[in-house]
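To start, I am sharing the structure in question, which I have written as structure tokens.
Chain naming follows the written order as A, B, C, D, E and F, and within any one chain the residues start at number 1.
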Amino acid sequence: MNQWENALSDLDEVASFLELPQDQTVILKSPRRILCVSLPVRMDNWSIEVFEGFRVQHSLDRGPAKGGLRYHPGVTIDEMKALAMLMTWKCAVVKIPYGGAKGGVICEPDNMSSSELERLTRRYTSEVGIILGPEKDIPAPDVNTNPQIMAWIMDTYSVNAGYSVPEVVTGKPTEIGGSEGRFDATARGVISTIEEACRVTGTTLEGSTVAIQGAGNVGGNVAKLATDKGARVVAISDVRGGIYNPKGLNLWAVAARTMKTGSVCGTPDCRDITNEELLTLDVDILVPAALGGTITMDNVESVKARIVAEAANAPVTPEAERESFSSAVPS
Amino acid sequence: MNQWENALSDLDEVASFLELPQDQTVILKSPRRILCVSLPVRMDNWSIEVFEGFRVQHSLDRGPAKGGLRYHPGVTIDEMKALAMLMTWKCAVVKIPYGGAKGGVICEPDNMSSSELERLTRRYTSEVGIILGPEKDIPAPDVNTNPQIMAWIMDTYSVNAGYSVPEVVTGKPTEIGGSEGRFDATARGVISTIEEACRVTGTTLEGSTVAIQGAGNVGGNVAKLATDKGARVVAISDVRGGIYNPKGLNLWAVAARTMKTGSVCGTPDCRDITNEELLTLDVDILVPAALGGTITMDNVESVKARIVAEAANAPVTPEAERESFSSAVPS
Amino acid sequence: MNQWENALSDLDEVASFLELPQDQTVILKSPRRILCVSLPVRMDNWSIEVFEGFRVQHSLDRGPAKGGLRYHPGVTIDEMKALAMLMTWKCAVVKIPYGGAKGGVICEPDNMSSSELERLTRRYTSEVGIILGPEKDIPAPDVNTNPQIMAWIMDTYSVNAGYSVPEVVTGKPTEIGGSEGRFDATARGVISTIEEACRVTGTTLEGSTVAIQGAGNVGGNVAKLATDKGARVVAISDVRGGIYNPKGLNLWAVAARTMKTGSVCGTPDCRDITNEELLTLDVDILVPAALGGTITMDNVESVKARIVAEAANAPVTPEAERESFSSAVPS
Amino acid sequence: MNQWENALSDLDEVASFLELPQDQTVILKSPRRILCVSLPVRMDNWSIEVFEGFRVQHSLDRGPAKGGLRYHPGVTIDEMKALAMLMTWKCAVVKIPYGGAKGGVICEPDNMSSSELERLTRRYTSEVGIILGPEKDIPAPDVNTNPQIMAWIMDTYSVNAGYSVPEVVTGKPTEIGGSEGRFDATARGVISTIEEACRVTGTTLEGSTVAIQGAGNVGGNVAKLATDKGARVVAISDVRGGIYNPKGLNLWAVAARTMKTGSVCGTPDCRDITNEELLTLDVDILVPAALGGTITMDNVESVKARIVAEAANAPVTPEAERESFSSAVPS
Amino acid sequence: MNQWENALSDLDEVASFLELPQDQTVILKSPRRILCVSLPVRMDNWSIEVFEGFRVQHSLDRGPAKGGLRYHPGVTIDEMKALAMLMTWKCAVVKIPYGGAKGGVICEPDNMSSSELERLTRRYTSEVGIILGPEKDIPAPDVNTNPQIMAWIMDTYSVNAGYSVPEVVTGKPTEIGGSEGRFDATARGVISTIEEACRVTGTTLEGSTVAIQGAGNVGGNVAKLATDKGARVVAISDVRGGIYNPKGLNLWAVAARTMKTGSVCGTPDCRDITNEELLTLDVDILVPAALGGTITMDNVESVKARIVAEAANAPVTPEAERESFSSAVPS
Amino acid sequence: MNQWENALSDLDEVASFLELPQDQTVILKSPRRILCVSLPVRMDNWSIEVFEGFRVQHSLDRGPAKGGLRYHPGVTIDEMKALAMLMTWKCAVVKIPYGGAKGGVICEPDNMSSSELERLTRRYTSEVGIILGPEKDIPAPDVNTNPQIMAWIMDTYSVNAGYSVPEVVTGKPTEIGGSEGRFDATARGVISTIEEACRVTGTTLEGSTVAIQGAGNVGGNVAKLATDKGARVVAISDVRGGIYNPKGLNLWAVAARTMKTGSVCGTPDCRDITNEELLTLDVDILVPAALGGTITMDNVESVKARIVAEAANAPVTPEAERESFSSAVPS
């Protein structure tokens, strides 16, 4: 089953659970609009290459569509359709007045110069622009696209409009109106979720002990923010392994070590541990922020944390989730 | 090979013949824009059905795109792409300042009421309207669509524009601005072609003898127009068979017979012949206006007509065409 | 019965004659759109006066609406509605692709300065402009409006559009794109009608004798054009009376006399006659181009002309028309 | 005098009181724009009926016009003009940056199916849309129109705009952006007014006793909100009569009784009283929220409440108001 | 060096200080767009005069351009270019998302009637309107233009847009949406600056003594606002001289005196002083709010105030500023 | 006096001759609109250069403005203003419904690559596009601009419009809609003028003898067209000198010689002459199609041709023109 079939089957499951009328389900299953465009781009060697680009708008019913734009050789219409549909659900469940969209261009950005990427992006915007706009569809960075690419989109769109339209994209550079805090937004979302979980379980983040698997953009910022909130981060890890200090880590020292050696391992005053050990530490809160599927039926019983904050994509397998859920919830 | 692959391969052949630079070929191979839309339509039984609709614009470089809109269960994107590309070539070779497009909706119009077709057409127009318009793309009737459907498109588009825009479609009813002569346009095209062939071969349509395979919209009107031009139509046929009178047919009698019996066969003063016999009559001009592939390597030698006017889709097989061409052309 | 009720009753009569379906009649009876606006205008004495203005569009189905704009203290919505409906019929019977409209402002133009009229006209255009335009509704001069007023409308509309839009009004000065020949257009229409009548009756305008009641814009130009076509104009009249010369009038002499005395009476070489006498002259063609109702049951029997060209508004009463028609038509 | 003449005469009175210059008064007396449209609607029995619709914009000077849309057989232009003018005053006195408008369609909604109402509403929106919009004129529900009708207006307008324009109407369903709290907005306005009156008279709503004539949308919600604020609601009534309990009513019991019997009368622990008695109860605050003209010169002397909050349309006659005012205000 | 050359040289100095890349400097040096228009205006004596108008937009990169419109016989393009560039810097340094613009008309407003100014302003707006708008360029009052002129601009622009667009100008009358507090905005800016300086120097405005040179819009309002904040204003002056009362001035008395005599001099309970004496008073805060260049190398040593708030244009010469700065800053 | 002052003084002279009212003269003297733009262009060496561009519209009163676009280092606003004004006169005297405009960019196209010129042209179009368009202003090639540059303008403008707008420029390549015959349009104009002169002087071009100074685009094509019309071209020249054959030149031989040697001199069967000699040949028609000022008071007496067709810019000095005119015209 490809992504689109998966998405449709998820929708069916939910629709039947909600007893949605057939009329509504059949509409929700159909992306409102798909625009496929050919993008002739002059390459640096003066040849012309023609790229295929897409923009799928799944729903505009709750407001302008919202969704990322990705540059990848493996982009397919079905993937775009699935991701656009997920954007509709995402916006709806958090009650943001937006619909769902997704865009993509089949290309290999690693092999393209910055000039080529600019020409590709401007052409894409020019062609897809008829269905973009602050009231219609607002792209955002996604796989292989970034604030610079958003700036090109904004500029191309603005030249056409005749004045600056920063509201046509999100994720643009802060200098031209991008939102601050975007870089640690995921981490802050994790913290908010943890705080809510603490509220439900009758504890507080302040004073809790925290172990974090992963020290990248998410894990690193969760460590910083949790410390700021008064939690005691006792363990963190990266691909090479982790470190543990039950009295709490000195994040400056961790950062310095990482800067120097490329890994947290060996930070002074800490004991080195494995990634697997980290998951089973006796802490209040465990944050798996690295790979998916790290907590499985094999190790779920060993997890001692009362709160597991899933900061990676699906770090807990469905089976393990059911297991841990059934044991965690008071009967 | 599907239609799109065929079209691409034809393009490659021509491009190599013309020694088109690769840069231009690669652009010509890519349809400029494909818009796919979901069309929720309330059916007469009050259920909602969602139809898939398309509009492919292959090229807008020579002017607004032009191309039909078809309603058929077998509509596919690849077919649309191929037909849109052919429209580009068609307009270009006759130097009309238009590009090429094609549209379609996957539906079974035979099973739909007029109200359902109206709602479907209006919804389609509403969704696809962003890329239609007198300067952008001008639909026309095609398989299973007709002047009434064009009128619905025009009305929907006009309501949106705020005033009547008859120029947004061709093939609309003459009462609201449709061109006169559309119903026998194909036949007149055939006549023009014959006249040109006569000019080249040093004969005239006036006074020539003509045999016509097929008595439908094309064949019937060719018979009428050729007679008006002073030719002697000596044979015509339909699926049941044909009739022959070397002195020329009385078209009124033929029409009366058809009206009464549903076939030309048995028209007074005529001899009944088979469709196969008709092809080999000793006439100046033969018009195969029924099925494709009727003149093959098997019977091409028996064709006596000096001019064969192909009024059906490919009535002469490529092999037979080569054969007859080599024998017909003076060395 | 006011004008609107009259118009509706005429429509009913025709609709029943044509056996129009009720659905269509009920739509034709309803003006599509009426826009009433308040027009505050600064008068030359610096007070503000607020005028009421209207634009009625009866039908836009056959193309943009077309109709005059009148300035008169007696303007009413019902009159506007009736006249707009008549414009729809007028355009349709001569197969011009226009619908029908009419506009008016309640004012007394005789008491207004040119500046006040300009400010009123510009304000009217500004307010009504949302429904005007070359594809929507195209005003023309009517009672108390003239090319100058059309020029103000065009200028106001053009300033708003950002470029010159001469096609938004007809009847503008020729210097800015007005059609030539507008000043004698009615007379030429009369001549065309006479020529057609001659054709039907087997005579020719050339060589016919003509008597014309009225020497204004219509009568005067008919005299000139008929003479140009080779007819012999033997009599013409104005409110003071008429002149007659069976050998044909010298139009230069008539014009000179009028210039000097204000009347055609007393032109040398002519016999003075009364307006009543003129109607009964023994001529081929009689053109009543002055008042309505001049040919009645009382004098219809004395009219000797074979062709009566009605160039005034209803110069022949309906009864007289029936009478003369029954006698004139060969049984 | 009809409503429009009334409104003009009120304006004259106020203008003379304010010594408004004549120039301004004459403009304020003229509605800026009236658009009358014919609305052909296909009825469920497939006949076409043509409805007359209106939109009057009295003033756009302070911002976009604002005003309800009503469906009623008795709709007249003069009523629309009067109500539009009142909307201008309403918005201006509370300093909301809006002008005044009103719309209506002559129809009998009780006899129309939901489909017919939808088609009528969409057609009305389509025709009147040229003068609607977030910056131009924003309709709202009024007599016989409701959130569903506002949703149809919003959808029709949005389809035309090409994206969702929820800001084109107020009073739409909350699911598509309607404001929460609309259903008890009037009651909350009454409470705010009472609180302000309390402030002026040096008392507080909290702890005051309240009698309410009327138990509908206004009276019922005033009862609930006043209780929430700590007031003691001692009496309430409906058309059948009222109830009284000096210790305060149990609103749950009142609601239960109403649900069961259709009237508040007979609620346990309460004494039944007449509507007339209610007005003269010894309470701090009296809220006449039923009919107009209930407090007259006949009973004004018996009213004991220090604060009379007029929640119906003009429940106190002008004479009684003067009387009560003169007695209430400290000399 | 004219103003434009000055502005360019300032830019060069800053660019070299910031080590701006040449690419960026060269763009910053070029005004994006200059529109020069001819404005034929009918004068009150019915002649036509043609005025020259300008609008320079230096930069639109950070948002819509912002800048005043001035009416002056000495307006030049170079001045406009310089002032537009300064507006870009002004908006950027206080991080307002606006670019910079400036407009002007060469005229002598003192010799023009209000009607002539209105016609000039409306024509200017009409011609320049293509580059104005809330998202493009937003004028404001400047030399010889005022809220009335902004209202004319707003009205002309709005008539064209079809609805009220108050956001197209700032500085319009508060009745139609102008911001409150504009009249004393400069004074409040001075007070804010003083408060910030107090914070830095460890004192407070409350309780400080203040001397103000100048009693116009700036000086007068500074006096009032400083007093409101608890400061003791001990001296103020106008062109005729100043007054001094070490216990603090009674502003009502000062205002009354000014009203009566046209000068602050001679206010009861105060000692008259010269403008020069005022600068050297022993106060905490000195506010030169009259002419430029009043504090020079000659008198800078005598200034005793710890805080000098420059409320006039450059009241302290650069040399004096360096001198006072070096002595004021703690080493 | 610069070009603008010259143009103004010419206008004054004509206006006084025509007794134009002052009101109209003062308006005609003022260019309606001047737009100056800064054009940052990335050069091939990756630096940014900022070019200054202009578009002057002198008058839009008779229709959209029309005028060339030139690229030259010496472009000035005053030159643009003068040339735009001349375009107004040119269009008006030949009654074409266009106004006058002119555009320019200060640059040295000889030193720029094709890519740089494309980027400059696209940027110019983008910036100036707000005042261009088929109804507003239609550029054409001029000094250093050509069909390719027009194609870039058309493409940039069309991308912005969303569809092909070939009518936005003239002088584009014929493949995308340019007019045929543009390359020899000037020559054909010369021929038409000669034919008209022949008509007036009672001769015919056919059979006349012709001498042509200059063999470039104008002179060469005049030779060809005159020969086609039956005239006998007896002499032609280029910068190196001329050739003469009283029996008429063989243009194929002349072309062959030029192709080979770069000059007409030495063509077989011809006598070589000087450019000066050519002017005094005994021919019917003399066409100075090279430099200005070749016929002066010094040689005008020696010119024997009865018709001198000025095909260069002012080849006859004003004095010589007066002289020759007075002698040529029959008294």
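The rule we apply is simple: contacts are C-beta pairs under 8 Å (C-beta built on N, C-alpha and C of every residue); 3 or more make two chains touch, one makes a residue touch a chain.
Fair warning: this is a prediction, and the values are worked out from it, not measured in the lab.
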- Quick one: which chains contact chain D and chain E both? A, C
- Message: If I average the CA coordinates per chain, which chain comes out farthest from chain B?
- Response: E
- Message: If I average the CA coordinates per chain, which chain comes out farthest from chain F?
- Response: D
- Note on the structure: Taking each chain's mean CA coordinate, chain B and chain E are separated, in whole Å, by 74
- Averaged-CA centre spacing for the pair chain D and chain C, given as whole angstrom: 52
- Where the CA atoms of chain C average out and where those of chain E average out, how many Å apart are those spots? 63
- Message: If a residue has to touch 2 or more other chains to count, which residues of chain C qualify?
- Response: 130, 162
- Could you list each pair of chains that touch, in label order? A-B, A-D, A-E, A-F, B-C, B-D, B-F, C-D, C-E, C-F, D-E, E-F
- Message: For a test of understanding, state which residues of chain D touch chain C in their complex under the given definition.
- Response: 22-23, 26-27, 29-38, 40, 47-50, 52, 127, 130-131
- Item | Of all residues in chain A, those that touch chain E in their complex | 161-165, 176-177
- Item | Of chain E, residues touching chain A in the complex | 60-64, 97, 133, 135-136
- Residue ranges of chain A touching chain F (in the complex, touch as defined): 126, 130, 159-160, 162
